[in-house]
Amino acid sequence: MLDFVNDYAEGAHDKILDRLRETNLESTPGYGNDSFCESARQKIRKACGCEGADVYFLVGGTQSNQVVIDSVLRGYEGVIAAETGHIAVHEAGAIESTGHKVLGLPHEEGRLQPDVVRRYIKDFYADANHDHMMFPGMVYISHPTEYGTLYTKQGLEGLSAVCREYGIPLYLDGARLGYGLACADTDVSLEDIAEYCDVFYIGGTKVGALCGEAVVFTKENTPRQFLTLMKQHGALLAKGRLLGLQFDVLFTDGLYLEIGEHALKMAALLKKAFAEKGYRFYIESPTNQIFIVLDNRQMEELGKKVNFSFWERLDDEHTVARFVTSWATQESAVRGLISIL
Amino acid sequence: MLDFVNDYAEGAHDKILDRLRETNLESTPGYGNDSFCESARQKIRKACGCEGADVYFLVGGTQSNQVVIDSVLRGYEGVIAAETGHIAVHEAGAIESTGHKVLGLPHEEGRLQPDVVRRYIKDFYADANHDHMMFPGMVYISHPTEYGTLYTKQGLEGLSAVCREYGIPLYLDGARLGYGLACADTDVSLEDIAEYCDVFYIGGTKVGALCGEAVVFTKENTPRQFLTLMKQHGALLAKGRLLGLQFDVLFTDGLYLEIGEHALKMAALLKKAFAEKGYRFYIESPTNQIFIVLDNRQMEELGKKVNFSFWERLDDEHTVARFVTSWATQESAVRGLISIL
Amino acid sequence: MLDFVNDYAEGAHDKILDRLRETNLESTPGYGNDSFCESARQKIRKACGCEGADVYFLVGGTQSNQVVIDSVLRGYEGVIAAETGHIAVHEAGAIESTGHKVLGLPHEEGRLQPDVVRRYIKDFYADANHDHMMFPGMVYISHPTEYGTLYTKQGLEGLSAVCREYGIPLYLDGARLGYGLACADTDVSLEDIAEYCDVFYIGGTKVGALCGEAVVFTKENTPRQFLTLMKQHGALLAKGRLLGLQFDVLFTDGLYLEIGEHALKMAALLKKAFAEKGYRFYIESPTNQIFIVLDNRQMEELGKKVNFSFWERLDDEHTVARFVTSWATQESAVRGLISIL
Amino acid sequence: MLDFVNDYAEGAHDKILDRLRETNLESTPGYGNDSFCESARQKIRKACGCEGADVYFLVGGTQSNQVVIDSVLRGYEGVIAAETGHIAVHEAGAIESTGHKVLGLPHEEGRLQPDVVRRYIKDFYADANHDHMMFPGMVYISHPTEYGTLYTKQGLEGLSAVCREYGIPLYLDGARLGYGLACADTDVSLEDIAEYCDVFYIGGTKVGALCGEAVVFTKENTPRQFLTLMKQHGALLAKGRLLGLQFDVLFTDGLYLEIGEHALKMAALLKKAFAEKGYRFYIESPTNQIFIVLDNRQMEELGKKVNFSFWERLDDEHTVARFVTSWATQESAVRGLISIL
């Protein structure tokens, strides 16, 4: 069975396993105070072009979103997100469970538009009753988005400008950041993200790590006692070294980008084949997620030989299917899928 | 520098790293629906003598306590714990952050006494104002306790009887369970724990895993939609296989107990040496934590060559120091420490 | 200055003040255990045609919504509401602050449609990822709605059928219930509400009381320890008698309906005048809230002599204004406004 | 039946009822923006000798404690209180339900001692693991305490000094403040409280009002958007005038103190009689709560003719009973009780 279901189906990049083995018996302090974490922090700061960045390692994406958002927001504030944003839909109410509303706004292929955000905030403050409403206290975006699309530099700049106008932070969820940074057509670098965003996380789980995300505060704006808040949310790993070591490897010799490039190369092969065979693309994603409209017969036939994701039902006859490549996708598997198509 | 600070200072047992490597490129579903998790569940059920047990894998101890306690309790209920219990002191308010009070009771060397718990609950219901108070909705114990002490079978039975009398669950935090089960003097087996407790967790992080705890519901009492509740608390690992695989290894060929036995053997060597050299034990712990009273000069001298924990200040002249052995402690290190003593 | 801003601008119905005076020095137990509360409960049960109803008195509407919804929902559940519902917009995140998501759905003049709700829940359960989403655990409606519109009996029956199909409760916010029940054109009685809804509240604050809402559980479905949960939410009034007494008066000799009828009579006079003068109605509300489209000049002129509410901006030239009558509206004030029109 | 159960058993002081009647048909804005609230704020500021004080009116004591404490504390902070403090025992976990731990400390007849508080905070910061614990973020005291005792000016000054040393606010719960201020032996005035405390509330419910407490921030330290936070907690009364009007009356012509003096005069009569008849005082309370040790026979006999509170069981033979006087206590009732004694 060929597997294109997602980008977290396998273990970890070989170099990570190698390094785990090499360092296994070194004794280190717990909770992120070890030399692996420190080394990873330095490399991330350098990669971001932001020497003053404050970096924390958490285990997963929902956890990172929950801890960051709850720590940054005040009690009367909610977080603006695209209606399709991960925090708005697929985190089982993790944000609400900490007391904050997700303020869902319309989007363009998963992206928030600066004008839409500005209009919302402006209308909010113009509303005579806004003291009886949850305040917009942060803007959340994902890059790549849930549809695999990317912001442009101009788009990020625009959102950043709105946020600064109203004094609220811009937060970027980079669960699949490696697949965005490695895109040939993007004009957005890690340095740009560090410049425009007040806080963001660099995804590890979906980009070659066993687990782990690196949360980066870029503006000397780390919430007070963030470590204690991590602990309180059950998000402070005892063996923090496990996370630090992985990011240390990912940010050594450009491995993080290399992983992204591999997945995009595999995705390009696959997209070309879909296009040539006349399949209809649901959305033009430039990254490692491919959304294809299949009719019922195609769904059934393909499903016998390939694992992929059901994305959404389009109509009685058609379904949107998602095919994902990753650091672990082998060219032979792509060729296999293409021959089936 | 010799290291006896804690039992989570190194990576993981070799067999775990081996297995990670072997299985690295196998493609599996996410969120605990993989074959490694399923295999581990079966082995844990068998080890517990509880075929109907429901097993979930979480990343860490505070996280497990938070998710279990918040999921099991009703909104008006708190959790009874020893005043020294981990949830009462060292989890940064993780329980309170989900809305529940930790009802701290006096203890005997870290252990809750059945009579003390019964008296508390009885007095609670006898109080005319108890509708204005947080209800005792669960009893939390740790085994080994924070002082390294163990419950007897009779002790567990007694607490279980109180809990059943009042219809509330007994929950056991087994962060260091392996070091308790392997104790030569204990009469408490994993089967006993599964019998007397309604829910407990088997610690991995401190017993040879990179991370991970196995939460076990033993009485067909899993809270509805527990998976969704894990997700909501940021505690559902995407690559659940990482946790399942580790517990699968730990519960193959008795590795979990073997790890415990090794640490206790190392601890026994060390305790013998402390005793022979005339050091004063702060508490008689039968497991892998050793609490020694040091005077200021000893603290200073030892601190130059050995890493250990400051536990608490006893008086101006004396301090309680904690020395911990683990799955990773090498006999040469113990010999080294003994020679220093 | 004439006042049509809202229905909570004055004190209380004379009969309530009279009764407060008469009973002032009677000594009663606190927290709702007094004879006034008990008498009010009996009268409400009778008016609802529901002898088994369980009735609690709370101070305000947002408080009632928060306590009821948080007490009824499980941790992984959210509440379905119209996107314009009070809990979705104007309660400052009171529902989210207790950990639950408000699941906003499209509406028809403030009313939820049974088909829309059924489709949403059906799609939810059909979604392969719904374990990672907040579950629909309750349906919230307001009657009259925020637009002053009313459900029909058939509409209520339809929503109730959806709720029962999926085993979730239907909750009705009756902040202005009196003005709905008294409507000549409605086919919905208090008995119908008690039949179709699992829980609802009868508004006092906006219908002649100083403060107070009566929460009614109709299906032997009161959450366990609801009194303790009220206390925990800061919603248990020490002098519960203040609330019980007011509802006792409101439900004596049909006063509650009488108050509603008076306000509707005043509203009818006003609507007739608006219509005759050619004003444009933004919505055809059958109750005590009147929504009129004014142009900028009208806004300015009227604003000099009459207090009314800015509702929303329609376009650069036009605004929706809201005029509200109440138990306290005097016919002379209505005549005054008409003469100004 | 004579009634000495509590100080919230009757309605309200006559002057409040009179004023409610007089002003009943005046139309006012909602949510505390009315002239009654504004007038009361001015009078309270003046009585506190604190022109810059920010005053909000809430409905009840638990609600005030919850909203103030949750609004002032950061997420990682708890609140220090006497183990017998109302928030620690009798508010059904209202503080924990908002995510904060109540850090209970030993007390002297209900009073926190500055040295005990300082030692606790000092030890907290000296603990190497304090990043894994809930931080002390506020000190809560009640005055009079739950035992009817009072702080001295020196005691308040001492607590205030500790709080300022560590940069955390001192909060005073004045549910029965009137009975403390009116005490002949106290050296603590309302001005002193405003000076030493960062925030406090002046109790209305137990001191002659139907309901209501006035929260006072004294140091230009009102939490941002406090009104929105009140709304979110269900604590913003629509007819805020009801609260403002009552405090306006209570702070006109010294009524608040007059009410306190009356209750203390009644209490003095009663204490004298208890003493003369040889009853044993459990505690020497200088305010309106009298704690008497009764043997079982006395309990039974007295209980036939007088309502009083069961406070706590002392031993098999003896019980602590509480007798409370109030603004509403009539001298004839006191004489009646004395004749029974």
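Some points to look at:
Order of writing sets the chain letters: A, B, C and D. Residues in each chain are counted from 1.
The working rule: a contact is a pair of C-beta atoms (placed from the backbone, for glycine too) under 8 Å apart; a residue touches a chain by one contact, two chains touch by 3 or more.
Treat the numbers as computed from the prediction; the structure is a model and nothing was measured.
By the residue-number overlap criterion, the interface of subunit A with subunit B counts as same, with over half of its numbers used by both chains. The most distant chain from subunit A is D, comparing centres defined as mean Cα coordinates. Averaged Cα coordinates give subunit A a centre that lies 50 Å from the centre of subunit D. The geometric centre of subunit C is 33 Å away from that of subunit D, both derived from CA atoms. Averaged C-alpha coordinates put the centre of subunit A at 42 Å from the centre of subunit C.
Among the residues of subunit B, those in touch with two or more other chains are 75-76, 91-93, 97, 99, 131-134, 228-229, 231-232. Listing the residues of subunit A that touch subunit D in their complex gives 70-71, 74-76, 99, 131-135, 224-225, 227-229, 231-232.
Across the complex, subunit A meets subunit C through its residues 75-76, 78, 89-93, 96-102, 128-129, 131-134, 310.
Interface residues of subunit D, counted against subunit C in their complex, comprise 3, 5-6, 8-12, 14, 17, 20-21, 23-30, 59-67, 91-94, 97, 205-206, 210-211, 228-229, 231-239, 241-242, 307, 328.
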